[in-house]
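One structure, as structure tokens, below. Some questions next.
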Amino acid sequence: MSDPFFQPVSGFDLPRFAGVPTFMRLPHVSLDDPRIAEVGIGLVGAPWDSGTTNRAGPRHGPRQLRDLSTMIRAGNGATGVRPFELVNCADLGDVPPNPADLQDSLDRFTRYYSRIREAGIVPLTAGGDHLCTLPILRGLAADGPLGMIHFDSHTDLFHSYFGGSMYTHGTPFRRAVEEGLLDPKRVVQIGIRGTAYDTEDRDFAESVGIRVIAIEEFFKRGIEDVMAEARSIAGTRPTYVSYDIDFVDPAFAPGTGTPEVGGPNSFQAIQVVRELRGVNIVGADLVEVSPPFDPSGATAWLGVSLMFELLCVMAEQMAAAT
Amino acid sequence: MSDPFFQPVSGFDLPRFAGVPTFMRLPHVSLDDPRIAEVGIGLVGAPWDSGTTNRAGPRHGPRQLRDLSTMIRAGNGATGVRPFELVNCADLGDVPPNPADLQDSLDRFTRYYSRIREAGIVPLTAGGDHLCTLPILRGLAADGPLGMIHFDSHTDLFHSYFGGSMYTHGTPFRRAVEEGLLDPKRVVQIGIRGTAYDTEDRDFAESVGIRVIAIEEFFKRGIEDVMAEARSIAGTRPTYVSYDIDFVDPAFAPGTGTPEVGGPNSFQAIQVVRELRGVNIVGADLVEVSPPFDPSGATAWLGVSLMFELLCVMAEQMAAAT
Amino acid sequence: MSDPFFQPVSGFDLPRFAGVPTFMRLPHVSLDDPRIAEVGIGLVGAPWDSGTTNRAGPRHGPRQLRDLSTMIRAGNGATGVRPFELVNCADLGDVPPNPADLQDSLDRFTRYYSRIREAGIVPLTAGGDHLCTLPILRGLAADGPLGMIHFDSHTDLFHSYFGGSMYTHGTPFRRAVEEGLLDPKRVVQIGIRGTAYDTEDRDFAESVGIRVIAIEEFFKRGIEDVMAEARSIAGTRPTYVSYDIDFVDPAFAPGTGTPEVGGPNSFQAIQVVRELRGVNIVGADLVEVSPPFDPSGATAWLGVSLMFELLCVMAEQMAAAT
Amino acid sequence: MSDPFFQPVSGFDLPRFAGVPTFMRLPHVSLDDPRIAEVGIGLVGAPWDSGTTNRAGPRHGPRQLRDLSTMIRAGNGATGVRPFELVNCADLGDVPPNPADLQDSLDRFTRYYSRIREAGIVPLTAGGDHLCTLPILRGLAADGPLGMIHFDSHTDLFHSYFGGSMYTHGTPFRRAVEEGLLDPKRVVQIGIRGTAYDTEDRDFAESVGIRVIAIEEFFKRGIEDVMAEARSIAGTRPTYVSYDIDFVDPAFAPGTGTPEVGGPNSFQAIQVVRELRGVNIVGADLVEVSPPFDPSGATAWLGVSLMFELLCVMAEQMAAAT
Amino acid sequence: MSDPFFQPVSGFDLPRFAGVPTFMRLPHVSLDDPRIAEVGIGLVGAPWDSGTTNRAGPRHGPRQLRDLSTMIRAGNGATGVRPFELVNCADLGDVPPNPADLQDSLDRFTRYYSRIREAGIVPLTAGGDHLCTLPILRGLAADGPLGMIHFDSHTDLFHSYFGGSMYTHGTPFRRAVEEGLLDPKRVVQIGIRGTAYDTEDRDFAESVGIRVIAIEEFFKRGIEDVMAEARSIAGTRPTYVSYDIDFVDPAFAPGTGTPEVGGPNSFQAIQVVRELRGVNIVGADLVEVSPPFDPSGATAWLGVSLMFELLCVMAEQMAAAT
Amino acid sequence: MSDPFFQPVSGFDLPRFAGVPTFMRLPHVSLDDPRIAEVGIGLVGAPWDSGTTNRAGPRHGPRQLRDLSTMIRAGNGATGVRPFELVNCADLGDVPPNPADLQDSLDRFTRYYSRIREAGIVPLTAGGDHLCTLPILRGLAADGPLGMIHFDSHTDLFHSYFGGSMYTHGTPFRRAVEEGLLDPKRVVQIGIRGTAYDTEDRDFAESVGIRVIAIEEFFKRGIEDVMAEARSIAGTRPTYVSYDIDFVDPAFAPGTGTPEVGGPNSFQAIQVVRELRGVNIVGADLVEVSPPFDPSGATAWLGVSLMFELLCVMAEQMAAAT
């Protein structure tokens, strides 16, 4: 079992509505804290949404996700995994953005995630909009391009917006491929749907070898079949998992900026994560939770439930690798 | 490709939150505008709910639907159809109701839709409550009774309410059959469910030959089978499509006056529209979106997503017929 | 047909938004009313939530459920059952709690339900949190332990909270088994999911013979198969039905204190009730609707729809038994 | 002291969230109830808003006002009046509207209030929109025109809307003067403000002698001075009091269809009612509370607080007159 | 009277909930429209909030303000001014921002307002956050520094944020003074309050001669006295009026990103605008309305009410100058 | 200046939406932390509402207050006080309640506040309901009865509820006087209003010498005069300040369980705190903020603004005493 210091506070001892809210009631250990060296998985908030092209709000995501995460208990009722006993987990706090300067924020994020990688910590990030994933990949892909399993209703593969702006939440994976952070042959995008500007993003995906699985195919083939393919694409090499909450149908996740109807329900949303067992995950994120569009926190509750499922898979894998 | 004048503003050029909101960012062309003659499909708002027997609100539907419709892009990601390139589409504005005089409103609507028909425009209407469909049918059925494919949780086939009131949102299709606007043999109602006053509506349906498909049958047989039957009932002659948002489960469409639990999800809600390909549609509507009961606009977002799917089917058919 | 006095007011006569709201627009007949002797099924409000360990609110459930219940009509559209014509139904009002004294409330509830049982009335209760079910069982299980079919995402079988508190909404069925109110061999819990403190509750279930059907098994086997087993477990002897609204996915039932994602949709939520036909039901409840967490009333609307389905099954059974 | 039957349930005995909600927890005594003859002041719901020209919703007012009214206690903390001990008060239920037929509703209301007058009951009505006051006056003004003290941000004195519709919530007092229900010389309108279509209403007021006190004058002179004039205008003969909740600033009363900024605060809103002492009130109403635009019930809470203040003044006067 | 083309649609003719929503139901005349030459006052939307340091949202302000502005009628009930009859007014649409590039947006705004100035139009802008005012001033101050009367709870005079970012909604007037767009001796800031980082902004104000009137002084001296001083400071030369909605107390204007309690009420908020009569206004704005933080639109309703009061003062002055 | 460790994080460095939310962005120092000895003023959360007789929710108060408190800056704009530079302030975390056992919670609280007193820390508590103040007083009044300045709309002086329950949020000060924790001659209650059960509380106040200032007297005399009397009643001996957020009008503080209309506005709410300068404050609280009834956080924002004003007065006094 991991260090008692790293165990979450139990709801049997302190009611869930009490206490300063850290992610899953874990200890708060910043990168400058001496105990940082003991951390295996770091939960990080990325409160930034300067890449958002329509409805802003994900900058408030980490705080609401922390709040709702106090309802997470220590064990996974379905799989039996108890992640906090397998790996030392901690809340690392938030990476500090500069909301008034997009490029400065990109640099701050990159430096922050480089430090995480250098500390040997596997990050599980709570966004923030999807542009956050670009500097995370810049920080993590130091040893060569990563694979990626990507759940989303959008490809985020466009070239630019508004007459040339190359850094928005619709472009991070175009940039990541161009910069050599991702190996397109090892990238799969699952759940794509909604109306389309044009086919530029799909054409790019095809040209570089990214596999795009539209929602119609997803529902037709079923989760097990699709995820087997996803694992096969990612292979055994280091892989990043990026989960945009708008992958899920907006009835289950209303609090997001660019919802697309016709998506998976919450049970399916969980199942795809459980099917990640065995993937060599070097980092993961849950992005685009936008509290101003869901004051009740329902979306954040689904979001932290998904983060916990990701954590279980990551902890199990790390414990097995030890 | 259709006239550039009739192309919607792109979110790549002007952010989606900017600009005066017309339906799908199309040009606003009123019936008195010289360019009305070039319009093939007219998007019309019907802000009227005097037929509502319980919770009013659909009078505010068109405005919220216009607002949310700014998030629609130019192409259908699943079917590839780009309706605005196939047919000249425009926002015709709202048909003017008289909220203080039900009969006057019925007459105003009838005259308005007669003009639309005479102008050779196929209307796609955003309600308003379901009584709106009665004067629309009065305006469109000039050449004999129409067929109808009707998605709803209620039959709207009752005779009268409150001691004799014959014009409410629970009676439009009873009136339409009585007035010879609909050919009951070519009418199918899909998704019926919820508690029942009595069987008067079902008895009427049976007596005149309207086909009623309850939600249990719908789920059991599946969408493809049910919609094949629906297309067969409608046949090749002119058919109207009426889509009450309460067809969809209230988790996906909370903003409506008479929700009934146990309905289709949003993916299924879309699929039934895509199965309308080939139907000879002379008009369609999406009704009963009630913004006061869904301030977040989630219901309107589903509503405009469905309107776009309807538009794709209609445009494809019209382009093929040319 | 039952007494006209016991028929609900029709929405054809008085609009659904009018009138003092009783459950399903039934007459209000308190336990002290002379006509109480004629009542077959009593709808009771249990406005109490002192057992809630996290987010309070179900104390407000009965009032909101009454409000939304005015949208229920007299017949079941799917099964054709018209319960108010089969059995005299009435709104008995609320059992009076003492929100400042947990043990006093337990005693008040027990006495109240003892009177109901003695009056030969079958209670259908609207909670309140799940601790309410404990004193209901104390009142009803006078002739020996009951069976129970229990829909929930939690087992509510824990021993104690907060250093020894034995009466919370996480413990009622542990107490009920210990007190001999339930026969654990005739208890089945359906829909269990979510994160877990530990396996203490599951271990207890196994040790006493309670059957726990997790949500994964539920989805895999399907409703008909699971419910056939449930009926078999309950057998023909007296059985209580307890329905925690958090059995349903929070997209369909957001207004509850401890939601767990990944649950059934509203159609499935209804179907399990319809599969209770033939069970010897001596009482039922619908608990944990929490209006402060769902001001729109969507959860209460689902709740009263489920109460109506329960009522149909109960009335049909009682009419058949006569 | 009045009959114990007519005393409200105390929050010391039954918590305020418990019980079927009647107005101020009073007994429900319909016009057909034998005990109706003992009632001195009748609280009536008028769930009707067919006269609303913009945002509907007041049809839901009575139910929400009843809900919030359970927080009213038995005594007036400031004046010491305990109305329920002075006069027998009861909740008479709702006057039944026909939401699909405006003229039928007007007739139903008129007959209902005629019966109230004939029963010797003084009505305190919870609207509904302001058109409700017209048939109330028709029912009450059997012995000649009444005076009126009217709190509102609008005069409601327009002739017609939408090309001739003479019955909307913007016209009731024009009709009432024309029909001889009100003596314009004994009518005062207080709090008028907001933008104006034109001066037609003000011109009419001036031509018939209605005194209009704009909000600027109200604030400048102060409540005591203005209300002294109001009492002087009403004189000692029978007077009706009509209180539109939009008299109050929308920060205090957001839930209404036509709010106008720049109004009185809630303390001032109460003070004007207390200054009605001594007026010969034969009926009063509180209208235009619109729950769909204030789900939290804040407006209804102010509304019932004002109804209680009205009730205190009315009860004190009736008790003094005995 | 002005051209009939420029008259708003009346609510007597078309209900206020109907029609495509332009500002105050005025015609939509873009800068490229031939009729732009006839426009005297242009209402402009500035949907941009990239300068926001905490809670974003004002990018959605113009759309919600247009929606609520449909409730504005043609005349000012208090002052009698009918602005649309005095000056040709039009909705010019929105100035197009680039949400992904702050400097590009500043340039786009500057060019847009330069064109407005060159067209001889006086702009009344609906923001957007307060950084919008900087490029507006750049566009308008072509002939030398302007005076400014500024209503706000913050001075917006800071030098920089987040380690050097000089363009945020906390810095526009520091920049405007530095760039020579404002004459600090002719600038007055009214309503300042709330907690403070430090005194850097106040020190700057003092050093350049900007007059800061804190809320305590405002309440103590009264509106007439304060506004007389404000008019005196502005003098007779060209003056800009900038109105941050957070000047008003958050009970009246909750929908804003940085509310400060203890502000004026809505009546006072209006009175200060009426006291601007006689000021030589060359442009005005109402900024910081943030719809995500006020879904009900109460803040936008106050905002458009204030815009109408500004419009009345501006139109009266322009008509007098002709 | 105080220790840099105890300075809050600046919004100039880290945006206000970022970071784990502690009270006012202060360091989190629990009672077991070695640095606790350096703390002068401790901000404590009291997440408990078991004393609430109607609408629960204040258990969630501390978390929402912490969230909103991140918008507090380091200095008081009006008084110039910079409390964090005068006294070492820290967030002590939450006192742990037992939501299932009222007496156990009372004991836990008493022990916790005894420790605070023994550590020489002056507590500023964020409730929680008003029953929390009883065990706080038990913990603090070790050296004899305290004086109290109490802002509230209720006296909270009742004897018991629900047939004898002596511990609710309507009874704490009755108990405190009976237990000798308060010296009634040095207690003043300000702002009392609303409807009344009876005069039992007022009679008790009079019998023991508590001074009750009703809201009518408060408005009539003005803040300066009333507060001068309050300071005189409290005198120079140790005094506790208890601030129930329902002292403020519900338009400014909607999120509370028992609102009473007709209260002070937010400017007045602040002014009364500033008038506490010179009082010998040994502890203070801000109670009854109920997030479920104000999801937007407006009430919490007012609440933390008031806590900051209290902190300024307390810090100034402590610094002066050194």
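We just call them A, B, C, D, E and F in the order they show up, numbering each chain from 1.
Here is the rule we go by: contacts are C-beta pairs under 8 Å (C-beta built on N, C-alpha and C of every residue); 3 or more make two chains touch, one makes a residue touch a chain.
No experiment lies behind these values; they were computed from the predicted model shown.
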item	value
Neighbouring chains common to chain E and chain F, by label	A, D
Identity of the chain that, by mean CA position, is farthest from chain C	E
Copies chain D and chain B - interface residue numbers shared by over half, same or different	same
Chain whose Cα centroid lies at the greatest distance from that of chain B	F
Chain centre separation (chain D, chain E; CA means) in Å	39
For chain D, residues contacting two or more additional chains	13, 15, 17, 53, 55, 59-60, 99, 161-163, 249, 251, 265, 293, 296
Interchain pairs in contact, sorted by label	A-B, A-C, A-E, A-F, B-C, B-D, B-E, C-D, C-F, D-E, D-F, E-F
In the complex with chain A, residue positions of chain B that touch it	10-13, 15-17, 71-78, 249, 251-252, 265-267, 269-270, 296, 298, 301-302, 305, 308
Chain E residues touching chain B - in the complex, by the definition given at the top	13-15, 17-22, 28, 45, 47, 59-60, 62-63, 66-67, 91, 93-94, 96-97, 99, 295-296
Complex contacts: residues of chain C adjacent to chain A	53-55, 161-163, 192-199, 214-216, 219, 249-251, 254, 258-263, 265, 293-294
Interfacial residue positions of chain D with respect to chain B in the complex	49-53, 55-57, 59-60, 98-102, 104, 161-163, 165, 167-168, 292-293
